[in-house]
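One chain, chain A, appears in both complexes that follow, with chain B as partner in the first and chain C in the second.
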Partner chain A sequence: MSSHDTVSRWKRWRFHLSALMLILPIAFMPQYFHRVALFSGDLGLGQRVIGEQTVGPWSVRLAEFEERPPELDGGAGYMKTFSLALCDGCESSIRAMYLRVGKPRSLRTAGAIFFGSPYRQTASVPIPDGTTPDAMLWLTAEGWDGSVHHASIPLATASPTTAGWLRKRGGR
Partner chain B sequence: MISASILYGRLSRSLAFSRRHARIGATALLLCAAGVAQAHNPMADCKSVEGENIQCTGGFSDGSGAPGVTLDVISYDEEILVPGKLDENSRITFARPDKDFYVLFDAGPGHVVEIDQSEIPQ
Partner chain C sequence: MANITKPPPARKKSSSKTWFLVHSWLALPLWAFVFFVCLTGSIATISQEILWLADPAVRANPPSEDAPILGYDEILAAVTREHPDAVVRSISRPVKSQFALTVDVSYPDASTAALYVNPYTGHIQGREAGFDFRGFMRALHGWLLMPFNSGFSIGWYLVSALAIPMLGSLITGLVVYKRFWRGYLRPRLRIGQGARVFWGDFHRLAGIWSVPFIAIIAVTSIWFLTRAVLFDMHVSFSTVGVPPVVTRADVPDIKPGDPLPLISLNRAAEIAHETFPDLQPSFVSLPGNAFSHYRVGGRGAYPLLFETLSINPYNGKVEHTRRVSDRSGLELFTESMRPLHTGDFAGLWLKLVYFFFGLLLTMMVFSGMMIWTKRTVKETAAAVRRARAPRAAPRTPRSAPVLAASGVQAKREAHEQP
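Entry: the complex of A and B
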């Protein structure tokens, strides 16, 4: 085989490789646009709406942002993201919403704070080591009037995926 | 004169070549940097040191430290036993309280880490 043949074969392959590099991203387009819609809010609050939760005089619509197990975030441990929307008309009364695993001792320990607009806020909740599938999630609402209200919801109801993941881990 | 123009031709070709490589390199770098966005969640860890002392370290999951951030030692009845700030090494050392307590690394509302005394081996 002459060196001319080798060069021309390489050039042909280089052309096919370039075409492949252009076509390859198209395969990931549906997944990409799904995530764009999820993050922009076009798909609603999240992938799985948990439902309406009453917290003191207010209510919020809670959702599991992504229907998948918690993700490891380095030394901070496993995190699970939830989203919520404040009730109509109570946007100006609620100062902050918090969520955590287990009952909070005080407002300072109320857990992860929700951030975003009143119509769609998200919070990454730490899932501590040793959390069991029957653990409770505690939602805390802090009002501008200084009042603090709590509500609890079983983790298995809020995120069956997380409860299943915990069951598999066996309480580690 | 002829040799000067040949030299100029070679130089400009070589410059164009290195510019193209620089452009490819920059594009590759940008593509790699696109996935580097990291979360910034608080983290803290406490351990027993030198007999009855406890040393706690705070920081964030993106690897940044937390010098000057509040770390309080609080009793179960919500009395602040040790009001502390992390030093320049993001650490604090205090004597193990006589009362039941928990440690609260507090980087602001909703950015806290709570460590119960039972999680700090003696």
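Entry: the complex of A and C
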């Protein structure tokens, strides 16, 4: 094999090198199908189930939708998505579920409202600047009869990734 | 005749040669990638139709000639009858009556599915769960399956950036192809004269007939690139505003066990029709919580864009609309880009036209590469022959007539250069 052959083969084949771009979809295919399954709910409520939370007379199953730190959403600041499922048959008595960082002063400040089906609804919760890793998440349930109930859960329990991220940011 | 004996000015010749080089270099180094994107895009255009052919569950066969199409409430009731634990989230009617309805449902195990429901009987004919062929083709074509993590996918940038060399190829192609309009009057596709001639003819013929299509695809793709850049730089000129919410005063208190006092889906569709008589509703989505609306949407007089209404589910008031006239001129332009790119706004015939020209464009990329390869192979072979020929042997002197004839030949070839 002479070097002349190698050179002419390179000259001929270099223009087909962009076929290597096809490595990208092949490499990302497993991740793509994983995300499709996550978004369709085939993987369940989310990537990490936090567990059953009792709120007043009801209970909900709460999950971290994706196991990763909050994401910057333009001017809205950092957001973290959680998902939940209402207890069996509770959709006829629960009007709405809300989630926020820190204790709400009233129903109007109960935080992000969950949206979806009784079996899986999601809410993107703003993580305000200055949130500490030991902050609490407050879950509010509003009944169809107008009653309001609260429950709290340490952010570090709900999302260790977020707590870790906050620790790294050092309270900024 | 005078043309043949008098060669064109050298300056003009060299500039057209430069354009030819630009034309070659714009696509050649990327041809395989562009080929892949064009091919997957062509398939994506008709992916719904491919599903229709492959899966009988996607078809809407009426039980009898004169069977009426069911209303939304009847569909809802039929789906709940067959899948009692499913919660219906939305119902969409494809524009084409030969397609089954798509009903999005949610199940107690947190999973969701798109059910294919017969619009005449309400029977659940099948479901799309797990593998979504349409979504897959779209993701493969549009962003190489690469993820969107807080911003546009890198794949989206890689694909949409191809619009720039594509537009460049179109422009330089027309500059290089002297008097291309003559190709419309005298189309030529020589089959028996070797691959180089065939692919050259094909490239030119397909090229001139695809000018509007390539321009549409390139311009809309440049918008896709721009859109990603604007989004990632947090630039927005949207007039949509905050999504509407049902006011607390409208949401009634209900005793446990009592049914929700919601207006029916049929009533919501009626209200939509009363509000905008020219709207053809193609989807209705149910409230996602106690403070959200029924959303009804479809195409109106301007077929490219969807118009939507948000209807208060408790009192039937239309509380938000998004019509063509609510959009700014800039939004009309930018929101028309996607339907123009996919060709999904006028029915099957247009999709088939898009598919045809998509395949033609795919083959243009291929033929461009073939022309280059064949020519290079020929030129390389010639160079090798020259190098191997004994130096002592002088070049065959050409006689005057041969010289003149080869001049004509060279001239003709110059016109035929892709």
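Here, the second predicted complex is superposed on the first by the 150 of 172 C-alpha atoms of A that agree within 3 Å, B and C clash if a C-alpha of one lies under 4 Å from a C-alpha of the other, contacts with A are read in each partner's own complex, and residues count from 1 in each chain.
Criterion: contacts are C-beta pairs under 8 Å (C-beta built on N, C-alpha and C of every residue); 3 or more make two chains touch, one makes a residue touch a chain.
Keep in mind it's a predicted model, so treat the numbers as computed, not measured.
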Look at A:A96 in the shared chain and tell me whether it touches chain B only, chain C only, both, or neither; answer first, second, both or neither.
both
Output check: A:M29 vs chain B and chain C. Expected answer is one of first, second, both, neither. What do you get?
second
First, second, both or neither for A:D145, with chain B first and chain C second
second
Output check: A:F15 vs chain B and chain C. Expected answer is one of first, second, both, neither. What do you get?
second
State whether A:S106 touches chain B only (first), chain C only (second), both chains, or neither.
first
On the A-aligned overlay, A:S117 touches which partner chain: chain B = first, chain C = second, or both, or neither?
second
For A:E67, is the partner it touches chain B (first), chain C (second), both, or none of the two (neither)?
neither
Once chain A of both complexes is superposed, is A:P126 in touch with chain B (first), chain C (second), both, or neither?
first
Quick one: is A:D134 in contact with chain B, with chain C, with both, or with neither? Answer first, second, both or neither.
neither
For chain A, which side has the bigger count of touched residues, chain B or chain C?
C
Considering each complex separately, which residues of chain A are in contact with chain B in the first and with chain C in the second?
73-75, 96, 113-115
Can you list the residues on chain A that touch chain B in the complex?
73-77, 79, 96, 98, 105-106, 108-115, 123-124, 126
For a test of understanding, state which residues of chain A touch chain C in their complex under the given definition.
8, 12, 14-19, 21-22, 24-25, 28-29, 31-32, 35-37, 40-42, 44-45, 71-75, 83, 85, 92-93, 95-96, 113-121, 144-146
Which part of chain B faces chain A closely enough to touch in the complex?
39, 41-43, 45, 59-63, 76, 78, 102, 104, 106, 109-114
As the complex stands, chain C meets chain A at residues 28-34, 36, 87, 89, 106-113, 129-130, 132, 135, 139-140, 144-147, 149-150, 155, 158, 234, 251, 253-257, 260, 288-292, 369, 372-373, 376, 380
